[in-house]
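Take a look at the structures below.
Okay, so chain A shows up in both of these, paired with chain B first and chain C after.
Moving on, here comes the complex of A and B:
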């Protein structure tokens, strides 16, 4: 179990390219996050929980689906940690597992309306499914 | 001036007016938008994961098409622009990514020469500001937007991350406001103009998208705007779907209107 957690942590760091130890814990990422109220774990918590290896709560949390990829935390992080990259990597390690797609094609018809732009469907599939 | 033009999936379906008025306006400005023979959807959103390679191939194929014609690659949709510019930046700055991307490309029929980020990527707004020039646009204005109070909505994708997009100041942009002034309108500055509409969360958590979108349209209305303009089909959808009190239109429509070529291009 320990080894699996550590391997996963290394994978998250590798595919995100993030060094969480650069973080100075100012909290600006969470303060600027438009999804803050919707998240159980916030951007700054992703940074220190990945750093300390507390992955299990993040992997099970709906917070990984609340990031909007709006780049606000990437733009505004004064230390260049760029938490959205970590959140993306954590989510990918979840949805890349077999059968773990968060959005399925069968879910789509019920969500459609006449005006939905293709861009919305494409983006959602990119973020929620593999 | 001839440029390579990447329309993107939504401009051929739910956002036809964004595309149609871009062509009309560019025609009036002496710019020809030429599509590659084949183009594929950019994917809608850029992935930061360093091992996401194949999903970025469509962007690179379009970049290569422009490179081989020695033209800039121009986009109008905020999302296409963001994905293609970030992909181009990744090729220039991440040698491992460029190596693996070129390995894919080498397998293709009529494989192109290796690509290393040579193409210049421009949003239509940048093409207007940097290549055509606002002064030239001002000369061509036929029907100034006099008296219109217009809120430019940048959203997240046009400006960020600014070190890659290099379009404008990400916290205090002015490119769209400058265009509005050139067209004779009055830009309205409001606090939420560079905040996110919620984007694709609309499919996952409609309530969250509603909160985000309303905070933007309410902010524009509270600062006295008559209308909101955007370059992003998803921003427009989210704002309208969630009950914006102000009309939300594409910037290309206003541009075509001011250049006096809108009516000729209304309808299909």
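Moving on, here comes the complex of A and C:
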């Protein structure tokens, strides 16, 4: 169990390319986050919990789908920690392990309207499906 | 053939713990030139040094090798020992068998083997050593201080106090620097002007001190004790010796729309101006960029109103050449630009200001006469948000901020917050911090007072963004301890901008051949033990040009720099380092490679007449080294393609002999 957690942690760090030790705990990422109120765990907590190996609550949390990937935290972090990439990596870990699809092609037609740009559909597939 | 003595030190167990010192002494006994070999517990002790002296006399030694600690530690000690016994001090070689051997090896056998090799290398070198005698140079008993802020002022006053003449060069029309712009000073809250301006007057009245204001250093030549400096005195179009500083011209000048840099552009001044009431020298200056007379030839109001007749529209820049024995750099700092920090809306709202602007807003001589009013509408702000570390400790993007901690912001923000609450108790004051850093005498107590007595809200977390909406500033921030995202409607946001060295520092460093770090702070000769000296001899550092520091620290460092300058100027002659480069004129091909790589400007070329074997003469261009300027770095010896350049004490054949001795094993 311990080993599995450590393997996951290393995988998250590897695919995100983030070094959470660079964090100086200023909280600017969470200060700037537009999804703050939607999230149970916030960007700075992701960085702290991945560093301390506390992955289980993150993997179970809906917060990983609430991140807008707007990269405001990445843009403004004074230490270049890039929390959004870390959250993305946690989400990918869940998706890869569960094989879970949160968005299926069949769901799309019902959601379509003229305002939706193509690019949004593309990124929605990348973000919410396997 | 040399007669060499070898002395192996135990250094207690520091060396003897990992190196078999007796075996080392025994093995080195039979090396070429060695006539005596001994070991002792502590070679640097008085008894150990006596042992060396006795051996030099007894065995008539011509050179010695001490196998001990790093030469940085005790080379000077053993050179003195040798000199006391009548040996030339440059006939001493140190084999470092502690830092580079016993401390890094765990195994006795390999440690001993390496110590023997290092000893052999040193012996090989001594065999080729020649006695060296250092040269002497005179000292010009005058000091130059570049920068007239509190650092430069204190240094100049202390040097003058010791009886040496000092010149201060200041780019602004007045001395005083950043401290003159401050309102109160932490942690005792004395008014900055009240403690600074008497010192400025002292400078003006001191017969030993000359002030070159509105001037800059444009050229530095020479070396320690003998600097030749060119100072450019910019035309101020007012005769300094005639102007009485009455200020009438500054009231009558019709050009009223010039941004006032002393108030950071928050109000306007005239084209002819005196920066502030207590300016030194108290002389008006015409800003040529805005003066109608200088631009179009149509005005002349100031000349008409000046009863002293001090206005001179024909004035030109003057160049002054002067000799100095020592140069003190005191160029100071500036807050960094906030242009790249879009998230704090500095360029979108007038009510987002920097801490230095806040100082001017609370200063009785500032644009609001000391009333804290919003720059946008002149209303009294009821909610003020202070943001710490704006651009400091910012590693992510070098073009945006600075990686270092600016050191002074925690304290001045506590001061601002406290004074605001004291004067306007109806104001809510928030300070967003990452860490509160208050290591200083009575500093932490000061910060705690702001929280406990004055009710300043200190919130652990950073501000993420500031967005102007109507006449409010929407502040979105983290409260990390409560685990909340805060939204505050603020009237005024104050940014504690990081500080950076003044832009003039880099050019100056090049002129002085003084080294800088990646942030353009001047580097000290040793970070702990020689903190006010630059590695370049004769150049000293005072104040924030060396690193961020507050006023108490700046004043201490300024005094320390002055004492080093006085120590230098007290000497009539300077003894040089004989381990300097020397050019063999017969081998020099005149290519200039050495001149280009020399970081100290010690090499010059000249045409010389040489007699050829066939009795004709030929003029050749050859290099020569000024031994007083050369620091012995050896860059030229590497660059020289013809092998003409060599470093005394570290000649190419000596280094090769060491390498050979090591490789023979």
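Definition applied: the second predicted complex is superposed on the first by the 128 of 130 C-alpha atoms of A that agree within 3 Å, B and C clash if a C-alpha of one lies under 4 Å from a C-alpha of the other, contacts with A are read in each partner's own complex, and residues count from 1 in each chain.
We take it that a contact is a pair of C-beta atoms (placed from the backbone, for glycine too) under 8 Å apart; a residue touches a chain by one contact, two chains touch by 3 or more.
Computed from a predicted model, the values in this text were never measured in an experiment.
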- Tell me which partner A:8 touches in the superposition: chain B (first), chain C (second), both or neither. neither
- Message: For A:16 in the superposed arrangement: first (chain B), second (chain C), both or neither?
- Response: first
- Task: Using the superposition described at the top, determine whether chain B or chain C touches more residues of chain A.
- Result: B
- Message: By the touch definition at the top of the document, which applies to A:103: first (chain B), second (chain C), both, or neither?
- Response: first
- Message: Tell me the contact category for A:26 with respect to chain B and chain C: first, second, both or neither.
- Response: second
- Query: A:79 contacts which: chain B (first), chain C (second), both, neither?
  - Reply: second
- Message: For A:38, using the defined touch cut-off, is the partner it touches chain B, chain C, both, or neither? Pick first, second, both or neither.
- Response: first
- Take the contacts of chain A with chain B and those with chain C, and give the residues found in both. 37, 72
- In the complex with chain A, residue positions of chain C that touch it: 343, 389, 393-397, 401, 434, 460-465, 476-478, 480, 485
- Item | Residues of chain A touching chain B in the complex | 14-17, 34-35, 37-38, 65-66, 68-72, 74-75, 82, 84-85, 88-89, 92, 102-103, 111, 113, 115-124, 126-128
- Inside the complex, what are the residues of chain A that reach chain C? 22, 24-33, 36-37, 42, 44, 72, 76-80
- Item | Residues of chain B touching chain A in the complex | 8-10, 13-15, 41, 43-51, 55, 77, 79, 156-157, 160-162, 170, 195-196, 198-205, 208, 211-212, 232-234, 237, 240-241
